Amino acid sequence: MKKIAVIGAEGRMGSQVVRAVNAADDLELVAELDRNDDLTAETLNGAEVAIDFTNPQVSQAHVLACAMAGCDVIVGTSGWSEADTKFVLPALEKTRALIVPNFAISAVLAMRFAAEAARYFESAEVIEMHHPDKLDAPSGTAAHTAQVISEARKEAGLGDSPDATEYDEDGARGAKLHGVHVHAVRARGYMASEEIIFGNAGETLIVRTDTTDRACYMPGVVLAARNIHRLSTGLHIGLDTVMDLPNE
Amino acid sequence: MKKIAVIGAEGRMGSQVVRAVNAADDLELVAELDRNDDLTAETLNGAEVAIDFTNPQVSQAHVLACAMAGCDVIVGTSGWSEADTKFVLPALEKTRALIVPNFAISAVLAMRFAAEAARYFESAEVIEMHHPDKLDAPSGTAAHTAQVISEARKEAGLGDSPDATEYDEDGARGAKLHGVHVHAVRARGYMASEEIIFGNAGETLIVRTDTTDRACYMPGVVLAARNIHRLSTGLHIGLDTVMDLPNE
Amino acid sequence: MKKIAVIGAEGRMGSQVVRAVNAADDLELVAELDRNDDLTAETLNGAEVAIDFTNPQVSQAHVLACAMAGCDVIVGTSGWSEADTKFVLPALEKTRALIVPNFAISAVLAMRFAAEAARYFESAEVIEMHHPDKLDAPSGTAAHTAQVISEARKEAGLGDSPDATEYDEDGARGAKLHGVHVHAVRARGYMASEEIIFGNAGETLIVRTDTTDRACYMPGVVLAARNIHRLSTGLHIGLDTVMDLPNE
Amino acid sequence: MKKIAVIGAEGRMGSQVVRAVNAADDLELVAELDRNDDLTAETLNGAEVAIDFTNPQVSQAHVLACAMAGCDVIVGTSGWSEADTKFVLPALEKTRALIVPNFAISAVLAMRFAAEAARYFESAEVIEMHHPDKLDAPSGTAAHTAQVISEARKEAGLGDSPDATEYDEDGARGAKLHGVHVHAVRARGYMASEEIIFGNAGETLIVRTDTTDRACYMPGVVLAARNIHRLSTGLHIGLDTVMDLPNE
């Protein structure tokens, strides 16, 4: 049984993580901590892995505290800057920190498939759909997908997708990120969806993910908790680092 | 047997129309005309209906010529201005001209369904996908769909769809036409597709059309040729005017 | 303010209905009843409309009790037999009972669009996707959609969709209901979805609904509560009876 | 310039291959052969690679003839039996034969992504859509996809997808191949499409391919012609063997 601490255990995500850890046969919940708790070797209570779902303002401090306690830590956040990263790095000589922007396995695989497919198609575009309360557009995942597609196309000697558009006064062609067009839909009824479109003459390939409930993040959280010890010490980014995917 | 003339009979669309008319049991092809032919009662050869697939610059003259010959005329074009319309109207006292921006039955029905559904959903957006050689974005069909949705929402007392977006520096939210967001994808592998998205809490309704071959326009052309005589004399717009759809 | 009673108020659906009624400006909740409560004019407490989310075994008795109390009643159930219907009908001389198999507005509209589109396409098939705990296949909604399509095709003089299949040892072509092929997918991640496919040479039209949360039923429940008094007295079936849809 | 022969050069696919080879800067067409031509070192005219689009009855003989002439050969067919394979194998000591059931790059990638994703999801099903003139159901590609998914699930210790279905009198659940449900849609408007559905609680991942024109096969044909020399001598199956995909 691997010993697990949950930081932010009373939050929306944290409370689901508590249940998911309790439901996993090979994980043992040894600490539930929230904003009024100190974060020390004592309160971490022998945890081998801490799972942090708090917020970007405090997560660096949490990573340092875990490192001091000799505990690996998984942080669910999309909000770290490069400065944040540099700040924590020296403390991670003997332990691991894994930053995960998106725990949905479908989203991680979609991005990977986008990277693999990009070199084989003349055209590529990204559409993301989210609930209408989201403040920013496009989503971080869609922007990252565009980057990944762009890099794969460049490596294969491909330029931008063909586009004869001359008249587009109202901006219907959307954002162009890293040379890839990205469209953001905001509609009630969606939580988070993404559709990646690849096209050649006479064929299209679509990779699409729909997430409809936060429950979708739990398999990724459990997977990360189980496998983080396989990583080298230091800082790692992305759930794919702990999945057994073929080498690129 | 209804007698039919095809104007622009050697063109890409016209040549398909010739075949479609020949294949229809109840239609008889009596004239195939192209750019070197005069357009007179004589050359129209007794046609009851002329089908014109030429180009917006000459189609008004063709409509007038057909009217003078006492022949109903169907024009496939998305390019008439209001001035064009006013120009031909006085000549249509005894015959009919039917202007059809889109002969695809799936596209006509999609727009109709959009009008019916719009009042029942909190959110509505439109995505259109076309081949990358298209010069304008969004497509005329998508812009018209946005207008139809907007009108139905207003009639039902609904304002714009909810949208909390504050940060969208790159324009990922696309065009906003008549208060409805419209997105244009350009990718090899598509001819013309449209997806209309409606959303309420916990549910989405999608109406999607994909056209992949010009053959898709022929059932609409034949339908129009069969039914145009049911219309009142004068000018009419849209294939829906000759379909037996429930009254709105 | 219209006075509303909820029957089965402590159940999964009933408790959501209680919240939805409380949230509607023009509805007033005057009674919350559950299995230990009698159903009389007194306990209904002046309700003009009762909303029943209990189970098929008791709903007929509930309809009778509401009728005796002079109260219109809306029943959410897909389970009434013809005998049930005949049993309650004589009691509904002065009040209305509305039986609703599916309160999702997207599903009601999808079926309506299917009926309208069916006559214009050579091919039509239905796919439904549900969670893997569902006991029956296909869903009642998909079976009803097939029936509606079949009737519209017959009316238009169309036979079955073309199908040259000669070898299908394993049954991949799915069920054939009323001459229309119906496919049932069972996968974790879905609540209830339906995709209706129409095809002509060179074009397809897709109508798709995805429901991901029981919240999606509430707009339909509120709509029914608001509009049931417009119906004639007696028994009515389907949410579409209280929606302002164009006449067929 | 690599020297290419096309066998079956007058056929539907062969004539497109002729054009595609002529359009490729690094390929030179040295022979166009059809049913009245002998297949010898002389008629192959120094070709390094022969591309055969004839039919399963003669393709083994063609492979032998190419091998005798010292020429690699690519065969577009889904129709070889194990006996066929054994028959040609001894002749391939010094040359290569590459059998390709599906040249569409989107279809090859979809199958590969299915194999990668399968181990991460509780549920998996396959839907294929084809034109209604197809004789068999499901398609060979869909059956192969089911097999690939099944193998990946087994390797990961997963059994069949969950399925509580008790009542399915009409067979709506479709075919069960290798433990994976496969559904076949036949509708006018499709050439060949496939949708692979993966689901976990709260999320779905869709991989979908649509092919609408035989043109989609040409990039795969050209890719195979360019890269076949990298393979070891002997018999190989599948376009993926000549694509630079990450090792599994």
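To keep things simple, chains are lettered A, B, C and D as they appear, and every chain counts its residues starting from 1.
Everything that follows uses one rule, which is that a contact is a pair of C-beta atoms (placed from the backbone, for glycine too) under 8 Å apart; a residue touches a chain by one contact, two chains touch by 3 or more.
Model, not experiment: these values are computed from the prediction.
Across A-B and B-C, it is A-B that has more C-beta pairs touching.
Among the remaining chains, the Cα-based centre furthest from that of subunit A is the centre of B.
Superposing the C-alpha atoms of subunit B onto subunit D requires a rotation of 180 degrees, rounded to the nearest 5. If you average the CA atoms of subunit B and of subunit D, the two centres end up 39 Å from each other.
We define each chain's centre as the mean of its Cα atoms; on that basis subunit B and subunit C are separated by 34 Å. Note: centroid distance subunit A to subunit B, computed from Cα atoms, is 44 Å. Residue positions of subunit A touching 2 or more other chains: 121, 189, 198, 200-204, 210, 212-213, 216. The touch graph of the protein chains shown is complete. Across the interface of their complex, subunit C is touched by residues 104-106, 109-110, 112-113, 116-117, 119-121, 198, 200-219, 243, 245-248 of subunit B.
On subunit C, the positions that touch subunit D within their shared complex are 121-125, 127, 129, 132-138, 142, 161-168, 170-177, 181-190, 197-204. Interface residues of subunit B facing subunit D in the complex, by the touch rule stated above, are 189, 191, 210, 212-213, 216.
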